[in-house]
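Each of the two complexes below includes subunit A, the first together with subunit B, the second together with subunit C.
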Partner chain A sequence: MERYIFYILALIMIVSAIASVSSRKMLRSVIYLLFALVGVAGIFFLIDYNFLAAVELTVYAGGIIVLMIFSVLLVHHIEMKLEVAKISKRILTAIACAIGAGLFITTIYSYDFKVESIATTTTTAEIGTGLLSYEAGGFILPFEVISVLLLAAMIGAIIIAKGRKLETNNDDIT
Partner chain B sequence: MNISLNITKSIHEWLFSIMPEGVANIVEMALIGLLYLAIFAILGLFLVLLERRVAAWFQLRIGPNRVGFQGVLQTMADALKLLSKELTGTVKADKFLYNLAPYFVIISSLMALAVIPFTKEFQAFDINIGIFFLIGVSSIGVIGILLGGWASNNKFALIGAMRSGVQTISYEMSIGLSLLTMILITGSLQLSEIVEVQKSGWLIVQGHIPAIIAFMIYMIAGTAETNRAPFDLVEAESELGAGFHTEYSGMKFAYFFLAEFINMFLIAAIATTIFFGGWLSPFGITESIPWLGVFWFLGKALILIFLMMWFRWTFPRLRIDQLLTLEWKYLLPINLVNIVIMALIVWLNLTIKI
Partner chain C sequence: MIEGISIYEILALTSILFFIGVYGFITRKNLISILISVELILNASVVNFVVINKYLYPDMLQGVYFSLFIIAVAAAETALAVSIIINLYRQISSVEVKDTETMKY
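So, the complex of A and B:
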């Protein structure tokens, strides 16, 4: 049962990922990307990582895809089509993709995965204490670094959005 | 997989006795899916009727009262009419996305419906991150609206879709944070456990002042999230025609329309579960008869739905800048302060427990 669901999800993900890079209409490729991401969320649900699945849905499907759709809506017209790249570029991209895929596949096959017979569901409480613990196996340092990064991104966004206004205000004061 | 299908045990056992396990599982899932689709359709049609009757009542009219007793079959007849209508579309529309858009809206609200606990036994998917799942799934619905607006190749539909996107993204923040405030008391995201905690007093009583503030913010943000008046800039009739679904006709229009009403029910149902004790009866008066829970749940949800309809026919529509000011300059800061107050109250054990 789980095996069939996995194959269905994998098929959805592969087909939509290929469609997403080969479609010549911009918004359609965004939607194919959304299907691929929902497929990833489905895989997480399948292996009982509910929290990660919900994060995938909220952050990627609900956040990033919506932002992408917004930017496409602003810059793109319904009758426009993306240009097809040159042959030389296509060959280069194909080589790069082949190298990347080869690297991934060799890593995955050389690693000795341990199969757990009983899957345990991770609760949010465990994730929370894991993120904030500074003992061995805790994630307090990456957590804090990411929060600083987010703060910097937020300040940067405000400055980019209001840059002109901030400058004129400073001129008035001095 | 960890799907707890605890709707009815006897059907479950009967199915497993006459079929092999794998087939029985699939049949059971299909049955539950069909059941939820039926709930979806009936609830949607009933709410449309209710909306029309309430609107008529507020405007001193009678409303639909000819088809069936007091007009109960009116929306059923409307649905039949919509089914038989021709599906039209614009010529230069992106047909694939145009046809796909209604399904995003309807599937996201159906998925959200699955985790709502109608009673202790009547919950299709009791996931341990219930509320987070609800927030995540409901954020997908807006994609359908954006796609529908863009793919119909119509200026007004596009403007409506953009407005809807801005509004939904902003107000999702308030919904999430006001629910988070209540999570501080329960300490769990699982909806069945949240209801269990409320056996010693509904959360709105347990959390007193900050809980009431959170509830008010939740109702405002929820009304905005479902694109209903006074936040219905998305389909402001005088400016945009019908907004993002201007170009939709027949059943595809009905999908958007039904999903809107189901979303309203979802907002009310989440509020019922989080703030008003879900299927628990007041003071435990019917605790010995558990199946009465579904009536308590629906009763509480209907009262909240009535409240939202009351909003709709009372307040005038906001401008887009007023809408965004309300969210970013008032609701969000109040919400953040409220979370800190709630954390203090929980920390100092100042919650009221009966």
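So, the complex of A and C:
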């Protein structure tokens, strides 16, 4: 049963990813990306990492996709056709990518992975304890660094998106 | 782990996703579309981390932490990129790569 669900998810992900990089209407390509991300979340559910699947759904499908739709609507007419690369360049790139993917897949299949077959369920409490532990193997330092990074990105995004207006206001005051 | 699915099939799926992202990154001419392709590439790497953690070292959680950090960095990167794109659109009224010359110097 899970096998068929995985194949269906893989098919949805690959088809929507191809549609997302080749669609000529930009809003549609964002929506196809949404389908690919939901497929990724489905794979996380299948391998029993419910917390990661929830994070993927909220941050990617809920946050990033909405941000991208906002930017598309702000800078484009919805039905505007995109400019695409020359057909020769596209074919050349597709051949190069196919060769690269084939190389990757043959390398992966020729390597002998030592798969452990114990099925463990991870609870969210374990993930949280590991993230906040300051003993050996704990991840508290990168956790704090990432929070500072998110704050800096938020302030930077506000400043950059505000543009010139900030400087002119300062000029008015002084 | 998924019943009946080996690690090879999932890794093959993520490499295909990765190269679809690379294809989009090279052929697209638009800043937002390039951002979409980068998201595809990042997602493929996130699935790789999680799957290798689950199949090879099921009693550890390091892959989960790394994928959480990748998702956080991707969110920060997208927010900054969108703000740069909006600012650029205000100044040159275009988001095509070939018109973007003001950031070069």
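Note that in this section the second predicted complex is superposed on the first by the 125 of 174 C-alpha atoms of A that agree within 3 Å, B and C clash if a C-alpha of one lies under 4 Å from a C-alpha of the other, contacts with A are read in each partner's own complex, and residues count from 1 in each chain.
Throughout what follows, a contact is a pair of C-beta atoms (placed from the backbone, for glycine too) under 8 Å apart; a residue touches a chain by one contact, two chains touch by 3 or more.
Please read all numbers here as calculations on a predicted model, not as lab measurements.
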Partner chain(s) touched by A:124 [first = subunit B, second = subunit C, both, neither]: first
Contacts of A:25 with subunit B and subunit C, given as first, second, both or neither: first
Touched partner set for A:73, first subunit B, second subunit C, both or neither: first
First (subunit B), second (subunit C), both or neither touched by A:97: second
Partner chain(s) touched by A:46 [first = subunit B, second = subunit C, both, neither]: both
Which superposed partner A:34 touches (first subunit B, second subunit C, both, neither): first
Touched partner set for A:2, first subunit B, second subunit C, both or neither: both
Which partner, subunit B or subunit C, touches more subunit A residues: C
Which of subunit B and subunit C A:54 touches, first, second, both or neither: first
Partner chain in contact with A:62 - subunit B first, subunit C second, else both or neither: first
Subunit B/subunit C common contact set on subunit A: 1-2, 46, 48, 51, 55, 63, 70, 72
Residues of subunit A touching subunit C in the complex: 1-3, 6, 10, 13-14, 17-18, 20-22, 26, 29-30, 33, 36-37, 40, 43-44, 46-49, 51-52, 55-56, 59-60, 63-64, 67-68, 70-72, 74-76, 82-85, 89-90, 93-94, 97-98, 100-101, 104-105, 108-109, 113-120, 122, 126-127, 130-131, 139, 142, 146, 149-150, 153-154, 156-158, 160-161, 163
Complex contacts: residues of subunit C adjacent to subunit A: 1-13, 15-24, 26-30, 32-33, 35-37, 39-40, 43, 46-47, 50-51, 54-59, 61, 64-65, 67-69, 71-80, 82-87, 89-91, 95-96
Contact footprint of subunit B on subunit A as seen in their complex: 1-2, 5, 25, 27-28, 31, 34, 46, 48, 50-51, 54-55, 57-58, 61-63, 65-66, 69-70, 72-73, 78-79, 121, 123-125
Subunit A-touching residues of subunit B, taken from the complex the two chains share: 1-2, 22, 25, 92-94, 96-97, 100, 127-129, 132-133, 135-137, 139-140, 142-143, 146-147, 150-151, 153, 158, 161-162, 165, 169, 172, 187, 189
